[in-house]
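For reference, chains read A, B and C in written order, and residue numbers begin at 1 within each chain.
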Amino acid sequence: MPLYNEPSPLEVRVLSKRFLLPNSASIDTYLANEGYQAWRKAVGMTQDEIINEVKASNLRGRGGAGFPTGMKWSFVPRNSPKPKYIMVNADESEPGTCKDRVLMEFDPHQLIEGMMIAGLAVGSQAGYIYIRGEYRYLIDIMDKAIDEAYARGWLGDNIQGTGVKFEVRTHTGAGAYECGEESALLESFEGKRGVPRIRPPFPAVAGAYQCPTVLNNVETYCSVPSIILMGGASWAALGTPKNGGTRLFCLSGHINKPGVYELPMGFNLMRMINEVGGGMRGGKKLKAVIPGGSSCPVLKADECDVAMDYDSVAAIKSMLGSGGVVVMDEDTCMVKAALRIMKFYAHESCGWCIPCREGTTWLRKVLSRFHDGMGRRDEIDMIGDLSKSILGRTFCPLGDAAAMPTIAFVEKFRDDFEAHLDGKPCPYENASQLVMA
Amino acid sequence: MADPVKFTIDGQELEAAPGTLVIEAAKKAGIEIPSFCYYEGYSLQAACRMCLVEVEKMPKMQVACTLPVGPGMVVKTNTPQVVAARKSTLEFLLTNHPLDCPICDKGGECELQDMVFRYGAAESRFTDNKVHVDEQQWSPVVFYDGPRCILCFRCVRVCREGMGVGALGVINRGVVSLIAPNEGDHLECDECGMCIDICPVGALTSGSYRYKTRPWEMEHVGTICTHCSNGCKTTLGVRNDEIIRGNNRDRSGINGEFLCIKGRYAFDFTNHPERLQTPMIREGGQLKEVSWSQALKFVATRFNEIKQRGGKFGVIGSTRTTNEENYYLQKFARLGLGTNNIDHHRTGDVVSLVDTLSGRTDALATSDDFLNRKAVLIIGTDLSVEQPFLAFQARTNQRLRGAHIYVVTAGPVREDQCAAQVVRAARGGELGFGSDARGAGEGTGTGGCLRR
Amino acid sequence: MTLSPQLEARFQKILSSYPKGRERSAVIPMLMYAQDEIGSITRELVEEVAKRTGIQPLQVDEVIGYYSMMHRKPLGKYHVQVCTNISCLLVGGEELYEHACKKLGIGHKEVTEDGQISLEEVECMGACSWAPAVQVNYDFHHFVTPEKLDRLIEDLRKVKGT
């Protein structure tokens, strides 16, 4: 089996339609299966037509923020004399997320084609794929696909004799979650520390090298060829109103069939856990779910009957985020979960601004002490209070990403916190988490 | 000129030029918005978050240091939310900042102390261990105390942008971020001390001042530095008849807060054991202390003897003495000694300068011109070394107003970095270029140091 | 600094990826590929990269300290990275890491005496749905149990020479 997990019969394969083909990554497979046909169609469209098609699809950024993609592309100033760039955010580091990996591994040409269409839409002739340093093998796969594309005339100065020019290169990261933030990614791309920029101006106007830049997630670009081929409205109809299409969901945690699955937007979360994810491991009860990567507030079991699209999850005060669905059973210590997540943010904080830099480390220390049984009762409220002092006050959303989940853990699972008071040992400590061999 | 923007801060109706930052507009109206990282004249950071204010119709609080005033904007700098935000930012900062006040050189002059005094956070809820690194000495003058550092990055900016040196950077990530020197464990730099004085807290301290005194124990005396002709004001801290330090933190004088290594540190000659305190006459191979009247009589007698027998005199003055002193010197030479052989240690080609001026007294530039004119032409001088304040002005001009700097020197100079054009001429031949340019540039007024 | 022909070729390829005047973009890729070959980022390498990209060595130092994957001291020939972030934590990532510490007799970012293996507790590496996840250098290993890890380490120990 070429994939890392068994596919599910409930999947709606649009982005992943070529994954199961033999040699799915090769250009021959790609060309034999509608490959680069969307680009051909787009060459015959005007810039406005392409952007309108993407707008009609209701495609929203798949990296986590969910910003409408067509609108983002329309912000690029058409008449700028500066060169324009298509930048791919392949920094995938949000805990719970592993979808961009399979998109690049099993269908690299789809990403290239998506970039090329974006290039046509905004008038760009060059793109870079910023890939996290740990994904070295994917840099090799993308480089190979790029070389294939050049060799067969799908990239370069005069693509298929149309006169259109487009160049693509990969670029490696070096281990920093903050570089997934769009302006920090640009700084890192320019050879500097991954510290975000003051905005405005936004990347669409002043991005890579202060030139107009489209910056989107891997999955966002990968969705574009299908949108062009089937038409924006048809693609939108696969999902729910204002939340078009399908997306790759990464199911992980205490389920029988963890894996990456392509499902329509709006798929019900409980169905996802039970029918796609094979239900709770060992027959345990569901306790909590993180719906879209560690930055999203946790949902209690009774909140999980929700459509997985941006608007529905936002309505219950969480986020669809990166699609990283982390499922936790009744034997999970929520203080431990809160601690581990805060440890991550404290480690990844770039250090630029005071509330995030100092606040995340403070919270990690308090949560650690708390989990060890040495917390005070008034510190439970203090944890929420400190998180609220970080929220909305930082230079970039990493502060919010650390604060919001922590507030949710304290508000929704106060019992778990109280169970650690007065030196009591963690009530979940004995439950061994190791999977059977 | 564009129409001024009308806006409101704390109920006051104000107006300002478009592009004015809210923090600056507030300051002009007498409303103080606190900040650590914002520093006028240097690049914006928005890092400390102290200047967060409420702006109507914007869902989140905004940093006043990067927000330009907008028409009809309503800003509030003192709501409960803003007050709480400032207090919590200080509380966050104090989690790792050590309680060094009793022994820290900055005590009494510290912006963090001032902020905590004004905006609260006297009680901390932090009961865990602080992040600690040992103090480091980076050069004879610069000491860095990592735990005290609030990472406002002023030092990095003043060194790179202000001084054009760039000897300081930021390393590591998150709460273990630190300022770092260019040679890994030490600094190779001008030792000007700008970083020490711009530091709002006691993270960067001076090796020559450390642990000597508390600032309120000194008498502060403003004077003019005489180490070059720029005439920078320096404020000397004096205690028990000893000069302990020099700086210009009050930003008075033509030099604002600029001082070079000499203005800041080169006062140690005053109490140096080898400083001459009285006149001395050599008698029998030994220098003997004498009174002024004895010394003057001795010199006058000898000069008269030489004059009687028809000997020739030559007088070498200094460009470092005042104009008044030089006037008296040449008068003494001509009338007293009867000679016109007067010269000075040449640090500039005065003859060519006088020639160029051709009697125009209005053509001499001021240090202010270096800061404000559209272009500056530097000929045959290593400006950062010989006239540091003028170099600072020119660099600031280029950075903030896009002025064009033109350099004509024999070897590379610091100004090459920010120059619009650089010409390497043979040593001694720099003015050869200049005279052609004078001919060519007269009409268009590109002779930089001379006002049009 | 003299580079091996492969590294020199790699440096040229990297530099050619960026428009003229934008050589600074090459800093991080150069450091990463050079580190793989040399073993760590040395003072010499810093100066070489600074020279080739037109920046000060201090500006290269700033970058090194920021990125988790860059190190100034050599790690083991095989760097074992165990994730303990949330998805791996839930299925035993922490126990797996502690097991690795015991098995190797070293801790976080430490190297075995013979320089063969080093260990690091890492953040999410993008294998959440196939957890617990371990990376050895750049190779991914999924659904890792203590037993699987033992076999993996045994295999690494057997490999000698280049």
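In this section, contacts are C-beta pairs under 8 Å (C-beta built on N, C-alpha and C of every residue); 3 or more make two chains touch, one makes a residue touch a chain.
Worth saying up front: this structure is predicted, and the values here are computed from it rather than measured.
Asks: Select, from A-C and A-B, the pair of chains that is joined by more C-beta pairs in contact.
Replies: Spelling it out, more C-beta pairs touch across A-C than across the other pair.
Asks: Looking at C-alpha means, what's the farthest chain from subunit A?
Replies: B
Asks: Approximately how many whole Å separate the CA-defined centres of subunit B and subunit C?
Replies: Inter-chain centre distance comes to 44 Å.
Asks: Find the geometric centre of each of subunit A and subunit C from their Cα atoms only, then give the gap between the two centres in Å, rounded to an integer.
Replies: Once rounded, the distance between the two centres reads 23 Å.
Asks: Per the centroid of Cα atoms for each chain, what is the distance between subunit A and subunit B, given in Å?
Replies: 48
Asks: Send over the residues of subunit C in touch with two or more other chains.
Replies: Counting only residues that touch two or more other chains, subunit C contributes 59, 62, 66-67.
Asks: Which subunit A residues sit where two or more other chains touch them?
Replies: Within subunit A, the residues that touch at least two other chains are 176, 193, 347-348, 350.
Asks: Which parts of subunit B, given as residue numbers and ranges, touch two or more other chains?
Replies: 170, 172-173
Asks: Considering only the defined contacts, which subunit A positions touch subunit C in the complex?
Replies: Against subunit C, subunit A makes touches at 4-5, 83, 92-98, 100-101, 128, 132-137, 169, 171-177, 188-194, 209, 250-254, 258-260, 290, 294, 324, 326, 328, 332, 336-337, 340-341, 344, 347-348, 350, 432-437.
Asks: Taking the complex as given, what residues does subunit C use to touch subunit A?
Replies: Spelled out, the residues of subunit C in touch with subunit A are 17, 19, 22, 24-29, 31-32, 53, 55, 59, 62-63, 66-70, 84-87, 89-96, 123-132, 135, 138-140, 142-143, 145-148.
Asks: Taking the complex as given, what residues does subunit B use to touch subunit A?
Replies: Those in contact with subunit A are residues 44-50, 52, 60-61, 66, 84-85, 88-89, 91-93, 95-96, 125-126, 128-129, 131, 150-151, 170, 172-177.
Asks: Tell me, which parts of subunit C touch subunit B in their complex?
Replies: 43, 56-59, 61-62, 64-67
Asks: For the complex, which residues does subunit B have touching subunit C?
Replies: 166-173, 180-182, 184
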